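The following pair of complexes shares a single chain, chain A, combined with chain B in the former and chain C in the latter.
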Partner chain A sequence: MPTRREIFERRQRRRANLIAALSTGAVLLAVCVLVPLSPGWESVQRAFFNGAIFARTFPGLLEAFLLDVAIFAWCAPLIAILALALAIARDLRAPALTPVRLAATAFIDIFRGLPVILVIYLVGFGIPGLGLPRPWNSPYLWGSLSLILVYAAYTAEVIRSGISSIHDSQRAAALSLGLTETDTMRYVVLPQAIRRVIPANMNLFIALQKDVALLSFIGPVEIFRQAGVYKSLLANFTPYVGAALIFLAVTIPATRYADHLMNKQRRQQQ
Partner chain B sequence: MSLLETRGLVKSYGGTRVLDGIDLTIQAGEMVCLIGASGSGKSTFLKCLNLLEPVDDGQILLDGVDIAEPDLDPRPVRQRIGIVFQSFNLFPHMTALENVLLAPCRVHGRRRQDVSPEVERLFTRFGLEDRMGHYPDQLSGGQQQRVAIVRALAMKPDVMLFDEITSALDPELVGDVLDVLRTLRAEGMTMVLATHEMGFARELADTVCFLDNGRMLETAPPAEIFTNPQNDRTRAFLARVL
Partner chain C sequence: MKLLYVTAASLALSAPAFAQNDCAAGQTLSEGTLTIATGNPAFYPWVLDDAPASGEGFEAAVAYAVAANMGFEPDAVEWTRSSFDQAIQPGAKDFDINIQQFSITPEREEVVDFSIPYYTSAMAVLTTQSVVDTGAEATLDSLKTLTWGADANTTAVAMLADLIAPQTGPMLYNDNVDVTAAMQAGQIDAALFDLPTALYLSAVVVPDGTLLGQFPADRTESPDQFGMLMANDSPLKPCVDAALQELIDDGTLAAIETQWLEETTGVPVIK
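For the complex of A and B:
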């Protein structure tokens, strides 16, 4: 037998669902009816939503996207390693290591303070401009390095926030057993801190996957550039829509997963 | 010679003297209970004893050697003086067994397979043999606290400090943890215990110390301090808690 409260809540829930469905349906209907009625719709549809062009360019876009994925795949582990080193270096307390600490601090300040595209231009055009021989003049190399520098700075700060979120009593417990500061960091603080910042770092890595497209400005023919090539060739913007769909197919599930992890963690901490 | 002794121990936090000249002598095999109101300085005193908090002034003599020396390496001292906290402070990302093995392996540099047998014996002795592979969040508060005790004991300390180790436990779990203390008492472990469990202090302590605003106002065997306290403030405190 359902209780009075359960019957009441079920009725409430049914009402809420009905209202949500009706209002969503109304908005969708309005969009589908009203947008095609607008005067410029025909030309927009031809320029952005051309089915034939979409079908023709999509496989090529997908192939170009593999390069985005590859760049992401070699940048991500290097970012993780550099970020960890930076996060640790920033909190070094030994006087002899002051230069290391200062360098890490400066690094993080600089690369967090610059627009990604600016770093890509400066590093990506500047360094090969020195007249380096192949393969050292590759835009892939220096473009990737730009992404690594910028994203390592952000990731380092996230890791640091994780480190400072570990309660002091954990450090006290480790030190009270006679562990060194280094071992305390390595075996007690860092493993917990890193686990705690995984969702936040996932969001950074999703942003990284999108920012790989910026490398197109210095040469690599990745998906954004490929879409541009198709656009010029076919005088049509539909390839950009295709590229957008490909990005979303990757980033939306990843974002949802990060949110899921974040919520799970919040529940565990309560 | 006493095993552990403090002379005029002073500790301040931002201008307030939390410990204001504490003298205490602990003999080997003795069990000392610290009682006193919340904020009287019990936890701070224990943390100073194993150098988790730097001392401002005074001496701490361990086997006659002053360990309150500011430039002394605290690690060898901490290996000899174990501490168990009110909030367990187990490492949540390690199993109970890994929690206990970490320090013997990293600090003493012993191999895991060499330490494991004796650690497993400790687990068995405190009724935890089937909990070794569990993570802290899979254990009850009482089990977690016993693992924390095992973790400290695995370093084979000469002195154990316990900071209100039953205060965070549900009443029905307190008994198991107190049984562990009884066992250790029977084995002759030297212990300093900050506690609100007056009945337990009365039953097991050799000496009870009353701490008030960072001062040790009265030090006496339980039979004396509980039945005939000399100091007015001790009397007032006991009247409130008993």
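For the complex of A and C:
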């Protein structure tokens, strides 16, 4: 037997759901009805939402997306390793290691401050231009390195924020138990720090997934470039919409997963 | 009778004010001027020194000749800049005519209008002397084994697959400059361009650049023909076509071509 309170709350909930459904429906209806009424809709539809061109180009886009996935797959672990090394280097406390700390700080400042595309151009065309023989001048190699440098700088800062969120008393406690500095970092600080920054790093990896497309500027024909080629040949922007859908199919689940991790973490901390 | 006089008088008065054919009157973006768009930057030998208003360079000269035949004095021609994407996007255009080596294709013609072609280009293979030294030859078998590059926004991409069908997929770039940068970095062996552009790049931009050979325009089923681009169903198209046809018929177009694109002969033909 529900209490009066429960009956009241259930009624309130039903009412809120109804209003939400109505307002969402009204907005959707307005968009679906009003947009096609605008005078330029037909040409916009032909240029961006052309079914025939979509069907013709989608398989090629999907194939080109495999290159994005591959670049992401070999960059991500290297970014994680370099970022961890940088974060630890920035946190070094021994006076003799000051040059290492300064170098790590400078690295992060530089690569966090530069636009990704600029680094890709400089590293991707500049270093091979010095006269490296094949295959060492490959744009895949140097383009990936650019992404790794920039994203390692971002990720290092995130990891460092995790490290500094671990209270100093924990280090003191670990040292007093006889652990060395290294062991303290390895067994006490890092396991907690990294767990704390997983959601933030998930966001960075979603951003990386999209920035992989910037490699197309120095030659590789990945999905963004392939869409551009179709656009140019067919004089139609629909391939870009197809590429956007493919990106969304990967990034939306990843974003939801990051949200899920964040919520889980919040529940654990309470 | 009086009405006739008044009409005749007003016609006579208005004629010098709008020194243009009836055909273009009232059809341009701003009354009395013809707004012509070109690339940003515009490249040699199409436009010299990126200054189309000088009328120097093949496309700049053609643009002024067409404008003159349509009844626009040189000072009634306004220049603006546009990218390829701006030229094909739906909605109002901010140019009357766009001239920047747009190749005419049936797919493009569905969304924009093209004039009759003002130039038919051969495609040429740009490479460097060091690639030639390592044994690249002007034969299809040799070309197939090279690593290729091209400007992604051009029909060279489709031609590459069509004419050469290289063994590895080509690298694609945003513009000429990036293609030459990749060539200098040794990342690509060769690139396909229209012949005048290739000549310019080999002579000026790429150190030790050279042309391995050319595919004559009649080599493909759909040769690379350049047309002036206009908005879809543009009322100007008949005027532009008529003006161009006049230039072709009286030999002016050929003379302009000789003046600016003369050196395009003498590049070996690929068999």
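In the analysis below, the second predicted complex is superposed on the first by the 269 of 270 C-alpha atoms of A that agree within 3 Å, B and C clash if a C-alpha of one lies under 4 Å from a C-alpha of the other, contacts with A are read in each partner's own complex, and residues count from 1 in each chain.
Note that in this section contacts are C-beta pairs under 8 Å (C-beta built on N, C-alpha and C of every residue); 3 or more make two chains touch, one makes a residue touch a chain.
The structure displayed is predicted, hence computed values, not measured ones.
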Overlay on chain A: chain C relative to chain B, clash or fit: fit
Vertex chain A, arms to chain B and chain C (CA centres, degrees, nearest 10): 160
Dominant toucher of chain A (residue count), chain B or chain C: C
Partner chain in contact with A:44 - chain B first, chain C second, else both or neither: second
Partner chain in contact with A:161 - chain B first, chain C second, else both or neither: neither
First, second, both or neither for A:255, with chain B first and chain C second: neither
Chain B versus chain C as contact partner of A:175, first or second or both or neither: first
Which of chain B and chain C A:265 touches, first, second, both or neither: neither
Shortest span in Å between Cα atoms of chain B and of chain C, once chain A is used as the common reference: 48
Overlap of the chain B and chain C footprints on chain A, listed as residue numbers: none
Touching residues on chain C, where the partner in the complex is chain A: 84-85, 88-91, 105, 107-108, 110-112, 149, 152-155, 157-158, 169-174, 178, 181-182, 184-188, 232
Touch list for chain B against partner chain A, complex: 47, 50, 52, 74-76, 78-79, 82-83, 85, 87, 89-93, 102-103, 106-107, 151-152, 155
In the complex, chain A residues that touch chain C: 40, 43-44, 46-48, 125, 128-129, 131-134, 137-139, 216-221, 225, 228-229, 231-237
Chain A residues touching chain B - in the complex, by the definition given at the top: 169-170, 172-180, 183, 187-188, 191-192, 195
